[in-house]
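You will see two complexes here that share subunit A, one where it goes with subunit B and one where it goes with subunit C.
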Partner chain A sequence: MAAGGGIDPIHQFEIHPIVGLRPFGLDLSFTNSSLLMVLIVGVVSLVMIYGSSQRAVVPGRLQSLAEIAYEFVASTVTGVMGKDGMRFFPFVFSLFMFVLTANLLGMVPSSFTVTSHIIVTAAFAFLVIGVVLVYGIVKHGSHFFGLFVPSGVPGWLLPFMVLIEAVSFVSRPISLSLRLFGNMLAGHIALKVFGGFVVALTTGAGVLGYVIAPLPLLLAIALTALEFLVAFLQAYVFAILTCVYLNDALHPGH
Partner chain B sequence: MDPVAAKYLGAGLACLGMGLAAIGVGSIFGNFLSGALRNPSAADGQFGRAFIGAALAEGLGIFCFVVALVLMFVL
Partner chain C sequence: MASAALLAAGAAQAAAEHGAKASFPPFDARTFAGQLFWLAISFGALYWLMSKVALPRVGAILEERASTISRDLDQAAEMQAKAEETSQAYEKALTEARKNAQSIAQASRDAGAKASDERRRSVEAELTAKLDKAEAAIASTKSKAMSNVRGLGSEVAVAIVTKLTGQAPSTAEASDAVDQALAQG
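After this line comes the complex of A and B, so read on.
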């Protein structure tokens, strides 16, 4: 699928092995995706460990970055789940920081966006729903399934409501993973397509091409700014929806 | 109809859904903003809820986008 000037917008999402590793016919190669994931964990760990090691009263740059991140996620968690939701804080904070750093490192030119692969985001989403199910059933037992039975509904409507609630619960991991994956994929494709327009106009359209080429270039710059916003916003949305779903496990029943 | 042409037509039709989801997201933020301008002190507390609603509405547009991508690159 060539967009413009023979530039393939999907090419940037290709996974290629750096260190080939195939024991017993299993493909366990260390790929560019794995490299970025290791890098993300390294960056997050470094910022948080070094940022919290100083403990100055007047925080330096790195310490205030770590403090802002902590305060932001903590206020989101307590805002949605209340005070006792803080037991899930390490989980939500790790998810938020990983997704945010993955999105931001993906914005570095010619690097790789880990979250633009559905297998990564689906793994996160199923982890979240797994935690919700296991914690909800262990903590509340059969009372957890009261989640599917809304109160104050007339009897004849109840079977339909239960069906709708069940479908909405099952579709949660799908929508949670597809939202992050779709946003990152669409943004990077759009950037590449507009970059391809510039190349196609300057190489193949004569003088008129040079006149028009700055327009897609300006749009590509504006889209890059928008992509940084989306990178942060999707990490926030992922974290807050995780909180909403965990809240169901913490306080089931309507 | 030529199957390749039908594929591209289908991808284009799926993109209509993205525009409809945009109407939904715009309606959520428009209403949030008009409410926030009437009572600015209560706006900060409802910030997260506005984003939850926008994320849910946007998710349906993303489904359309994925359908278009599947038609273009997978099928």
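After this line comes the complex of A and C, so read on.
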């Protein structure tokens, strides 16, 4: 493992190039992160495209998985945004599947969690807010900014309300990106720390270490189960918040 | 272990390449451009694949299944309606047939009753005629017998009166007396 005998819980987040690529002085190397991103596209395509290639009326396993994913996201989209929200369905579906697969592939030992890097989650969050802004302004023009002016508020209170609404709007991409990033980062660090305890206790603490070691091992097992839940839950939260924000672009005005 | 060692070697190499020990990796701005670049490529590819290939196909499969199911249900409902119709027609035919049978039975019963009535009447008439004839025969026989009896009676009366009185009554007186006696009883 890492130098110094201890286990570095941060090591798993390191990015290192596999194929160097530096055009115009930019480091665009194909890294372990890039490899996982390509894998994500591969896995999702395998399920969704290869899985549905039979076009069976009575689905097989893989096609069932593809259909469940489709119907799950479709019901989330229509549940939050209504029928006309289906125009954003491919976008929300791609986001959900990318984040979910990234989180799940990150649970494979010695792999890499794409969503544990703030730049990735922030890119997704700003992409969502960008779509909301562009679509809202193109579709509704200045009426879109009625989003910041709640109705039924006395005139003297209005500036404060507009300010609060604006702050809440601006904080959306920040909370959206930090929530996913923080969950994935913290979960993986906790897993590594408890796993490290087991190794440290069994290698360096004599007989007593062997007696205590099962405790962090049990915790690590429980945490693994929790992390699988979090992996799904955070992808779902990301998708449903995306729907909520897109709904503002579709139907502005409170 | 081998892969971990490889990763460690890779990290060391990366650190060497950047010329400095990396800080906390998620906040290492030197990797941002590369991550964004590959994220844009991979997410763009995923979005394209999903929106152009996968989702229309899965949506079509689901739609086809829904339409197949609803079509089958419609067909089943249609068949059921047809069966219902057939059974109603059968029921109707059955009641009609029953009614027909009843009317036929009634008619034949009526005809039978009429025929037997006629026969009875003709037999009765015949019997009445025979009875009348017999009665007439009896009556004529009786009247003949009665006249014989009267003749006999008046002769007897003449003989008795002659014997008793020695004087013969006239035949007219004797027959009057006999008539009176017959009328009394």
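In the analysis below, the second predicted complex is superposed on the first by the 249 of 254 C-alpha atoms of A that agree within 3 Å, B and C clash if a C-alpha of one lies under 4 Å from a C-alpha of the other, contacts with A are read in each partner's own complex, and residues count from 1 in each chain.
In the analysis below, a contact is a pair of C-beta atoms (placed from the backbone, for glycine too) under 8 Å apart; a residue touches a chain by one contact, two chains touch by 3 or more.
None of these values were measured; they are calculated from a predicted model.
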{"item": "Fit-or-clash call for subunit B and subunit C when the two complexes are aligned on subunit A", "value": "fit"}
{"item": "Touching partner for A:117 - first (subunit B), second (subunit C), both, neither", "value": "second"}
{"item": "Subunit B versus subunit C as contact partner of A:179, first or second or both or neither", "value": "first"}
{"item": "Subunit A-centred angle between subunit C and subunit B, computed on Cα centres after superposition, in steps of 10 °", "value": "100"}
{"item": "Partner chain(s) touched by A:37 [first = subunit B, second = subunit C, both, neither]", "value": "second"}
{"item": "Touching partner for A:79 - first (subunit B), second (subunit C), both, neither", "value": "first"}
{"item": "Partner chain(s) touched by A:10 [first = subunit B, second = subunit C, both, neither]", "value": "both"}
{"item": "If touched residues of subunit A are counted for subunit B and for subunit C, the larger one", "value": "C"}
{"item": "Touching partner for A:45 - first (subunit B), second (subunit C), both, neither", "value": "second"}
{"item": "Partner chain(s) touched by A:240 [first = subunit B, second = subunit C, both, neither]", "value": "first"}
{"item": "Which superposed partner A:67 touches (first subunit B, second subunit C, both, neither)", "value": "second"}
{"item": "Where subunit B and subunit C come nearest after superposition, their Cα distance in Å", "value": "6"}
{"item": "Footprint overlap on subunit A, where subunit B in one structure and subunit C in the other make contact", "value": "1, 10, 185"}
{"item": "Residue ranges of subunit A touching subunit C (in the complex, touch as defined)", "value": "1-2, 10-11, 13-18, 21, 26-34, 37-38, 40-41, 44-45, 48-49, 52, 55-57, 59, 63, 66-67, 70-71, 89-91, 93-94, 97-98, 110, 114, 116-120, 123, 181, 185"}
{"item": "Contact set on subunit C toward subunit A in their complex", "value": "3-4, 7-8, 10-11, 13-14, 17, 22, 24-28, 30-43, 45-47, 49-51, 53-55, 57-62, 64-65, 68"}
{"item": "Contact footprint of subunit A on subunit B as seen in their complex", "value": "45, 48, 51-52, 54-56, 58-59, 62-63, 65-66, 69, 72-73"}
{"item": "Subunit B-touching residues of subunit A, taken from the complex the two chains share", "value": "1, 10, 76, 79-80, 175, 178-179, 182-183, 185-186, 233, 236-237, 240-241, 244"}
